[in-house]
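What follows is chain A paired twice: with chain B in the first complex and chain C in the second.
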Partner chain A sequence: MFEFFVAPFLEFEFMRRALAGSLALALGATPIGLFLLLRRMSLMGDAMSHAILPGAALGYLAFGLSLGAMTIGGIVAGIIVAMAAGLVARASILKEDASLAAFYLMSLAAGVLIVSLRGRNLDLLHVLFGSVLALDDASLLLIASITTLTLFALALLYRPLVLECFDPGFLRGVSRLSPVAHYGFLILVVLNLVSGFHTLGTLMAVGIMILPAAAARLWATRLPTMIASSVIIALASGAAGLLTSFHADVPAGPAIVLAAGIAYVLSLILAPGGLIGPRLYRRPHLEY
Partner chain B sequence: MSEPVIRFRNLTLGYDRHPAVHHLSGEIRPGALLAVVGPNGAGKSTLLKGLVGETLPLQGGFELGIPADEIAYLPQISDIDHSFPVSVFDMVAMGLWRRVGGFGGLRRQDIERVHHTLAKVGLAGFEQRQIGKLSGGQLQRARFARMMLQDCRLLLLDEPFNAIDSRTTDDLLSLIANWHAEGRTVLAVLHDLERVGRYFPECLLIARELIAFGPTAEVLTSANLARARVLAEQFEEDAPVCHRHPDETPV
Partner chain C sequence: MNMTPHLTRIRRALLALLTALLPISAHAAPLQVVASFSILADIVREVGGERVEVTSIIGADEDAHGFQPRPSDARVLQRADVVVANGLGFDAWIERLARSAGHAGEIVIASDGIEALEDSGHHGHHHGHEHDHGPLDPHAWQNVSNVRIYARNIAEALQTADPDGAPDYQARLARYDVALAALDAEIRSTLSTLPANRRKLVTSHDAFGYFGQAYGLKVIAAAGISYESEPSAAGIARLIRQLRRENVPVVFVENIADPRLIDRIAREGGARVGATLHSDALSGPDGDAPTYIEMMRANLAAIMDGLGSMPAAESAR
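Now for the complex of A and B:
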C-alpha cells in the first residue's frame, strides 16, 4: 500500500511538484468549471481554452519556452476572444456559441501555425498537452497564485455570480454588479485555463474543470456541497492520475483527465441523478 | 395632489426603428393600482422594460418622481433558470439586496423577516426546498415574497398570472391589494379582463399607442378593445418614417 501510494512522492521530487501543481489546479479550476457547467457554458470553456493558444504561441515565438511571455500572451488572447465573442453576440444576429466557435477555430489554427514557425515538434506537444511532470518553481508559483486569487475572487463574487446564473434579470434590476459578475467570471475562466494550460496543456485543461463538476452535479443537490464534492473529486483524480502515470509509465496529463473521466462515468451510473441511480435508491413513496 | 410617480413625455420605445410603444404621454399618481392591458404585441412588456431601463427610448422619455432604486420589477417567469441549485430561502432573501448588497451578511432580524414573508405568501416550511422542485405557482409565490422584501414604492409586474391556477392567482391578487393598501404604486400587465375589472380601479389600454387611460370601467369598453385589436396588428417592413410631434428630438 505504502509502496504504491506514497513512495513515488517521497522518492521523486518531480512527483511532489506534479502533485502540488495538480492539487492547486484542482482547488481553483474546478469550482470555476462547476459554474461553467451550471451556466450551460461547458463547451464555451473548451472554446476558450483553444482561444488562449495563439497568445501563448506568440509569446513562445518571441521568447521561446518562457513562462511569463506565454502566460501573459495566453491571458491577453483569452480575454480578447471572450470580449470579442460577447460583443459579436450582442451586436450581431449570431448567438454567443456560434461567435465563440468562429473565434476559437481561427485561434487554434493561428496558434498551431505560429508554434510551428519556430519549428520544434516537441514544443508543440508541450503547448498542446502541458508538462505536469516538469513543473519548475516559477510555474508552481504561478499556478498557486492563480488558485489563491480565484478562491478569494469567488468568495467575493459568490452572491452576484449565483444570481447572474439563475436570475440575471433580477440582478440587473437591483444592482450594477451584473457585468462585474459576468466579466469577472470570464476573466477567472481565462486565468484558470492558463493555469491548466501549463499543467495539462490547451487541449485538456478543460478536463479538470468540467469532468469533476459534472460528476458532482450528479451527486449533490445544494451548491455548497456540489462545489466541495467537485473539488474532492478533482483532487483525487489528480493524485490517481499521477500514480497511474508513474506505475504504468503513461503520460500524466491524459491520466489525470481520464481519472476524472472515470469518476464521471461511475457517477453517471451510480449517482442519484445518474442513469441507474434513481432505481438503486428507490424508496417507498410518501402519503403527501 | 402630490408629484406623479411616473410622467410619460411622448415616450416611444421599440426595436429596429419599429415602435412598440408609440408617443405615450400621461401621468401615474402615487398609490395607483393600474392594470396595463392590450393584445399580444401591444408593447406592454416593452413599456415595463423601458421603465426599468432595459430598453432605451427611440424618442421622448419619462420622469420618475421616486429614486430609481425604489422600483421593483417582476419580469415574466420564463427568465429564471429553474434547474440552478439554489434554495427557496436563499432566492427570496435576495429581496433584501438593498440592505445587504452583494457582499453583506444577513442579521437575525433579516432571517426572521424572510421566514415571516415566506409564511405570508403561503410557503412556510419550504425554506430549504430547491427552486427546481417548486411548482409554477409556488415559484411565483416565492418571487412575490422576494418582491415584498424589496420593499419598493413602485412595483412593476409583467404577466404575473400566466399559467398560474386560479387559487394561487387569487392569493397573489390579495397580496397586490395589500400593497395598494400600503400606499405603493402597482403597474401590472394582465390579460384576464374579468379580474382586471374586479381588482384594478385603473387601467391603461395600449396597442402600440395609447387607446385609453383612466377608471377601468371607462377604459374597457368594447369600442376601445376593438380598436386595440386592429392597431396592434399593424406592422409593415417598409413603413414610412413617423412625423408626429416633430418638435421632439430623439433622445
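Now for the complex of A and C:
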C-alpha cells in the first residue's frame, strides 16, 4: 500500500510538484466548473479554452517559452472573447451561446493563421498539451496565485453568483450587482482555464473543471456540500491519475482527466441523482 | 525625334543583358533539386555546387516530426528535377506529396546502402514486451560514415539527371568525402580522450543512436523518438533513477523539446544541463550549425564541454 500510494511522491520531487499543481487546480478550477455547470454553461468552458489558445500561442511566438507572455496572451484573448460575447448577448438579440461561438471561432481562426505565418516549429503544440510533470517554481506559483485569487473572489461574489445561477431575473431586479457577478465570473473562468492549460494543456483543462463538478452534482443537493465534494473528487482524480501515470506508464494529463471521468461514470450509476441511485437510496417516507 | 536615342539605349542595355546571360543558359540552367530537410539540402549543395539550386522543404531550425505540407511545397516539388529524401521512415510524406504535385521522376533515397539501426526510442524492454524488429531509427546522418554514403548516392542521382556535370560532381564529391573523413577522424580522436565512465549521452529526444553506436557513447533518452507520445511519470522516474545510478554529470537539451521537463529531470537526477545539441535541423546562417560539418563540430564541442571537464562535479559526490 505504502509502496504503491506514497513512495512515488516521497522519492520524486516532480511527483510532489504535480500533486501540488493538481491540488491548486482542484481548489480553484473545480468550484468554477461547478458554477459553470449550474449556469448551464459547461460547453462554454470548452469554447473559452479554444479562445485562450491563440492568445497563448501569440505570446509564445513573440517571446518564446515565457510563462508570463503566454499567460498574459491567454488571459487577454480569453477576456476579450468573454467580454465581447457577453456584451453582444446583453445588447443584441443573439443569445450568449451564439455570440460566444462566433467570437471564439474568430479568435481560433486568427490564432491558427498567425501560427502558420510564423513557420512550422511545433514545440508549441507540445507545450500546449500541458506539462503537469514539468512544473517549475514559476508555473506552480502562478497556478497557486490564480487559485488564491479565485477563492477570495468566489467568497466575495458567492451570494450574487448563486442568485445568478438560480434566478438571474430576480438578481437583476433587486440589485445592480448582476453584471459584476457575471463579468467577474467570466474573468475567473478565463484565469482558471489559463492555470489549467499550464498543467493539463488547453484540451484537457476543461476536463478537470467540469467532470468533478458533474459527479458532485449527482451526489449532493446543497451547494456547499456540492462544492466540497467536487473539490474532493478533483483532488482524488489528480492523485489517481498521477499514480496511474507512474505505475502504468501512460501520459499524466489524460490519465488525470480520465480518472475524473471514471468518477463521473460511477457517480452516474451509483449516486442519488443518477441512473439506479434513486432506487438504492429510497427512504421509507418517500414510499407510496 | 528624341525618343530614338532613348529606345536605342534600352535596346542596347537589353542586348548587353542577354549576352551576359547567354553563356549560362547555353551552359544549362541550374538543376532544380528539392531535399526534404535542411541537413540533406546542405549535402546536396556540397556535392552539386553551382550546377544545382537546392530547396529544403523543412527549413533550418524547423521540427521535422510535426511537418505539415503547404501548397508552396507542392509547387516547389512540381518544378523539381531531382527530389532527395532521407528514407528510413523519416520523410515518407515526400513521396505522396511529390506524386500529387505531378513530379514524375525518381525520388532519391539518400540513406540507400547504409546499415540501419533499429529504433531504440521505446522503453518497452523495461517491462517485457520488447519487439524483435521495431521500425528503423532514421537519424542515420549522426554517423559521419553514413553521410559519406549519402553524398555518394546524391552525386550519382545528380549525374543521372545532368550527365554533362558528371566530372564536376565527381570532383566535388571527392573533395567533400575527404572533408567528411577528416571530420569522422576528428570526432573519434576527440571523444577518445574521454574516460570510459563518462561516455554517456543523455538527451531529450533519442536522435543520437547512430552517433552513440559509431563513436562509442551510451545514449540514454528521456522521451520517444518521434514525439509519438507525451512522456509518462513512469518514464521520467525511470530516467531520474538512471541518472542517479549512472552518475551522469550532464544532460543535453535539443533545439526542439520542452526545456522545463529536461530541467526538472536534471535537477532531480543531479546533473547539469549542457548546451544544445542539433539533431535533425541545421541552425540558420547566423547560428552555430549552418552546415552539416559545422553542426557535427558544434555537437562535438557541446558534448566535450559537458562530459570532458567535470572534475568539480565528480569530486563533489
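Going forward, the second predicted complex is superposed on the first by the 261 of 288 C-alpha atoms of A that agree within 3 Å, B and C clash if a C-alpha of one lies under 4 Å from a C-alpha of the other, contacts with A are read in each partner's own complex, and residues count from 1 in each chain.
Following the convention adopted for this analysis, contacts are C-beta pairs under 8 Å (C-beta built on N, C-alpha and C of every residue); 3 or more make two chains touch, one makes a residue touch a chain.
Source: prediction; values computed, not measured.
In the superposed model, A:G207 lies in contact with neither chain B nor chain C.
In the superposition on chain A, A:G74 makes contact with neither chain B nor chain C.
When the two structures are aligned on the shared chain, A:G261 is found in touch with neither chain B nor chain C.
In the superposed pair of complexes, A:L38 makes contact with chain B only, with no contact to chain C. In the superposition on chain A, A:V174 contacts chain B only, with no contact to chain C. Contact with chain C, but none with chain B, is seen for A:P8 once the two complexes are overlaid on the shared chain. When both complexes are overlaid on chain A, the residue A:T221 reaches chain B alone and has no touch with chain C. Using the contact criterion defined above for the overlaid structures, shared-chain residue A:G238 touches neither chain B nor chain C, since it reaches no partner. By the document's definition of touching, neither partner reaches A:G21: not chain B, not chain C. Against chain B, the residues of chain A that register as touching in their complex are 38, 156, 159-160, 162-163, 165-170, 172-175, 177, 220-223, 226. Residues 52, 54, 69, 71-73, 75, 79-81, 84-87, 90-91, 94, 97-98, 101-103, 130-131, 146, 150 of chain B touch chain A in their complex. By the touch rule above, chain A contacts chain C in their complex via residues 8, 11-15, 17-18, 65, 119-123, 125-127, 129, 131, 133-136, 139, 242, 245-253. Residues 58-59, 61-63, 65-68, 123, 127, 227, 229-237, 240, 256-261, 263-265, 267-268 of chain C touch chain A in their complex.
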